[in-house]
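Each structure below is given as structure tokens.
Below, subunit A partners subunit B and then partners subunit C, in two separate complexes.
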Partner chain A sequence: MSSEKKQHTVQTTGHAWDGDLQEFNNPLPNWWLWGFYATVVFAVIYWVLYPAFPIGNTYTKGAFNEITYTTADGKTKTSHWTTRALLMQEMQEARELQKPYLEKINKTGYEQIAGNKEQSSFAYSTAKVLFADNCAACHQAGGAGVIGMYPNLADDAWLWGGSYAQIEESIRKGRNGNMPGFKASLSAEQIDNVAEYVLGLSGIEVNKDKAAQGKAVFEGAGTCHVCHTKAGSGQFAMGSANLTDKVWTFANVPAAKTLAEKKTAVKEVVANGFGRHMPAWNGRLSDVEIKMLAFYVHQLSAGK
Partner chain B sequence: MKHETIETNAGWLIALTLVVISIGGLVEIVPLYFIDSTVETVKVAGKDVVRPYTPLELRGRDIYQREGCYVCHSQMIRPFRDEALRYGHYSLAAESQFDHPFQWGSKRTGPDLARVGKKYSNQWHTQHLIAPRSVVPESIMPNYPWLMNKSLSYKDIGNRMRALKMVGVPYAETQAEYDANVKRYGKEVADQLDINKAEENLLAQAKNGNYDGDISSISEMDALVAYLQVLGTMVDFKQFEDGHFAEFR
Partner chain C sequence: MAEQLIQKRIPVVPRSVSGRFRALKYAILLLAYSVYYLLPWLRWERSSGPNQAVLFDIVGRKFYLFDLVVYAQDIFWLAGFLIIAAFLLFFVTSIAGRVFCGYFCFQTLWTDVFVLIERLVQGERTARIKLINGPMNGEKFIKLTMTKLLWLLVALLTGLSFTLYWGNAPELLQQLVAGTGPFPAYATTLFLTATTFVMAGLAREQVCTYMCPYSRFQAVMFDQDTLLVAYDEKRGEAENGRWKPVKGLLKREERQAKGYGDCIDCGFCVQVCPTGIDIRNGIQYQCISCALCIDACNTIMDSINYPRDLIRYSSENELHGKQRRWYKPKNIGYALMLLLISGILVWSVATRVASELRVNQIRQPLYVVLSDGHIQNRYEIKITNKTDQPQKYHLALEGLSSAELDSGYFSETSLGPGESQQLQVRVKMPPDSNSEKIRPFYFVLQSRDTPSKVVVKSKARFNLP
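So, the complex of A and B:
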């Protein structure tokens, strides 16, 4: 189309701005016009197939586009098209694909899972993701924890027990670790002596006389042995720490260089105590997910 | 009115353009107020389980907004499998019915928080808010250490609840409103929603909960952690059969 031809055949919109500014009233290009008609047709088809128009307190639900799904309880339901029903269908498909594996995990004991390559790799890789979503915020990505806050899951020391059943119980029900502070009931000297004794328990060289006095407080006025036992080895039933190993979950003894610094760290815990809380995962994760997580956590410490 | 009049008069053009554009919004939004299933019915044993926030949680929510948490965190789990696996059950409209303004969000820099309640310990939240990288090394969240030192101002809690009451949140001031809440939520919850006891309730919850681990004072941390710990916990989905809430759409 030449500009010369345009001037002869195309009408203007009829009004002029600033004296001589006019607009051509060109017809729309055909590709645009048919594109527009196509969107109108699309809209009509969409109105028929999908939920669209409100009518009073309800709405048109769409036709010829039903979604049938089976719930986790095994009930089959049919619904008009909705994203929630779509999710139910998607979850059902995933459930059916995983079912053979999960059923096997459900039926099999922990020891057998560990011995079966297919099952252990399925449980391990599934639980690795669960661990990252649910556990790593406290226990850190590799399970090493944060000293003074969250216990290390990758070492061989356990507060609440490291058997499969004990780990599963910890995950399922959560844990409340609590040690009272003793600054009100013990003198500064007594606390000092107890710290000396406790450090000696894990093989650190200490003053023998002070430690002996500390032992008397440990088993006497301090009542430390009630939770930590006379030998200082702790009890899984109440989550009391084993004081005879070289692992420290609260007082940062390994980071302290001198005996005095180590003692300050221990004294701080004896004087003030602490409370630690692990939430329960029972409502958040399914039984089989908890089982796979327990397996994974057990594996983190190489099964010890 | 002639077309030329509108085109040559800026005032008319603006006004009528606004009218035309708002029609698009109104036809999408207004019907939702009349459709029964927009906000799901969530009842257990005849009582509503989604309740307005307690005074302390409400102050926590105010701090959440003041600090701009919503800039990075959404509170809206969408009905997709990947979100269900990571965050839990999709969010219900009912769960944010008392949020003014809602915190759904459309961009996530941090994770969604719609079901963060009870997922971590109070201790973890406190530590994480003071210094996020001390517990999540890869985090890019800023530190909020002042929440721990700033004591919570709660003298105006009654007025804050009254303001929300004006937009339809069922906080109670009169005996009749209280009785209606008892009927709707049970006595325990109704007591928490009583504006006359707001300050007393706030102090009691902060003291019993001891959210920030420091019993000596009520800090802004107490309020914020109390709020975070209630997010997404009001509906116990085990009480409803799988797929129940799909039937509301």
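So, the complex of A and C:
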């Protein structure tokens, strides 16, 4: 078809200005037009079903499209269609799917959970998330803690005991760890000697004479043995640290290079003492959540 | 009057033909349909798992292919398979043209069957054209409805059969009929029924000419030696072109003497063409190389005692009297790639490990110092039993002297076929004088009954302060 021939068949709007000025009429393709009508129909249906138009302070809520869901604390709510209500509904469905597993965990003893393929991996994966949400802020992801502030949960040294029951109690009731400062009751030299002795307990090479003097202070004027025991191994009932192992929870001895630096770190703790506090989670977390967390923390280090 | 906005389809009403290629195509059709419709029903003995020979189990994340079970983590085999398919297409197309389009493509196969149904209900080409152009009456209505109902039946069977590959066929079919089947099964069946009906019944050659990318890019692989369905123009047209066999132009000698070609312009080759083209116009993108025009022309040539093959499989070079060359770098390259990838895939499938051991070191914290000064690292381990037998495993370390492994209750574990288990394990070792801060070692999965038998090893690293 030649272009000249084509020109004659083009539609115009019918008007002519200045004699020969005409406007082409380019009709829309039918498929396009019907597509457009379809979007109009779609829009009308959408307006009816979903929230659409603002009216003053409020808006049209959409009809025949209500969402009913039950919240975590058992209240039933009904809402017009919103993405939040959709999410709540999905959360409810997820909770219902989890329920049989949780009930099983609730009824099973710790050792049985640890020995059961399905339950141990369920408890572990669930608690991993709970730990990240509730515990990792202090104890760090993976439970490594921070020396001097938050105890390391991944090693095998326990202040309050590493059995399932003891871990569960720590989580449930929280813990208060206090050590008084001794700078008022002990002289600088006594503190220096005690530090020498305490470092020696962990197998670090120290001055034997000074350590012997330190031992006298430890068991005498310093009254350190009241909490840490005569052997220095601490006791779970008080949360007093075991001074004979290689783990340091408060004085950052592993980071210190020389004996003098290590002593400085220990002396600082003896002189000033410290107090740390772990909040109680009873009530904030459900029983089964606490149980799974205790299982998880025990898994981190194999407990004790 | 408005401009024409779309290319209106002129319906193609192919006439039936018989011959060598038609027979071959029916044979392939029969084979392909038998495999497609019957395969889900083939039962297969397995010591564990479903007894269906071919089953794509989405929920269980396992694909059963006879004795091979493909796990989700083996899905890269699919990439190998697709690469092989691509190179096979390149190789075959480069040598023999659009063989896939003409003989194996499901669009061709299903269109063939739909045209067959059309012919059985409405009659041969002329009858069908008459029916299309005729006014609507009782006969036309019944015939058209019958055709479409039969199409719908084939389309439904097609969609249903596809769906049956994804579940236990007898059970799934029962559920689907009873109305208790899963929603995706209904959706898949319905979708494929609709597309089959539309593509093979209504759209037909438009799929090849407008929609299909392969039909267009296959031309890129063509060269002067590629086989194609071609009309021998020299013989067919001679000096004065084709002409009807009118009086004085009946015998071949008479025609040659007067300078007319062998083509008697009967139009049979055009009538049988499923894409509605005239092969005598030369190579065209619409041609799917189905070779039905060869059958048509040979039928005519035989009936008037002319030599066969006026339309035949030929190549550009051959039509111009040159020798065909098969061995050329391009073809050899395709063949080598095909062999290479096939080799890799076969090797990968043949040497697959029946048990899987995946190790992830926990990196937060990398290590902890224990109360006795030992260093401890933690690992998350996943063991999968991919055999069809229950297995008893023992997990051990290799290459990390004086280290201890603590797997809790699971230093030994039994896994059923297809089962997998996640473990948290701890490895601890005493500090030593070696200043190496990262020690590579292996987790070793042994068979519990014969500890010397290493099932699979996995590399890991141990970090020290």
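Of note:
Methods note: the second predicted complex is superposed on the first by the 207 of 304 C-alpha atoms of A that agree within 3 Å, B and C clash if a C-alpha of one lies under 4 Å from a C-alpha of the other, contacts with A are read in each partner's own complex, and residues count from 1 in each chain.
The working rule: a contact is a pair of C-beta atoms (placed from the backbone, for glycine too) under 8 Å apart; a residue touches a chain by one contact, two chains touch by 3 or more.
Model, not experiment: these values are computed from the prediction.
Judged by the touch definition given at the top, the superposed model places A:101 against neither subunit B nor subunit C.
Contacts of A:236 after superposition on the shared chain: neither subunit B nor subunit C is touched. In the superposed model, A:90 makes contact with subunit B only, not with subunit C.
When the shared chain is aligned, subunit C comes close enough to touch A:246, but subunit B does not. Contact with subunit B, but none with subunit C, is seen for A:72 once the two complexes are overlaid on the shared chain.
Touch criterion not met for A:47: it reaches neither subunit B nor subunit C. Residues 140 of subunit A lie at the contact with subunit B in one complex and at the contact with subunit C in the other. The touching residues of subunit C, when paired with subunit A in their complex, are 1-3, 5-6, 362-365, 368-373, 376, 378, 406, 408-410, 413, 421-422, 424, 426, 465. Remark: subunit A residues 9-11, 27, 29-31, 114-115, 117, 120-121, 124-125, 140-144, 152, 154-157, 203, 242, 245-247, 254, 299-302 touch subunit C in the complex. Residues 4, 31-32, 34-37, 78-81, 84-86, 88, 90, 118-124, 127-128, 134-137, 236, 238, 241-243, 245-249 of subunit B are the ones touching subunit A in the complex.
On the side of subunit A, the complex with subunit B involves touching residues 15, 51, 54, 56-59, 69, 71-73, 75, 77, 79, 82-88, 90-91, 94, 133-134, 137-138, 140, 146, 149-150, 275-279, 283-284.
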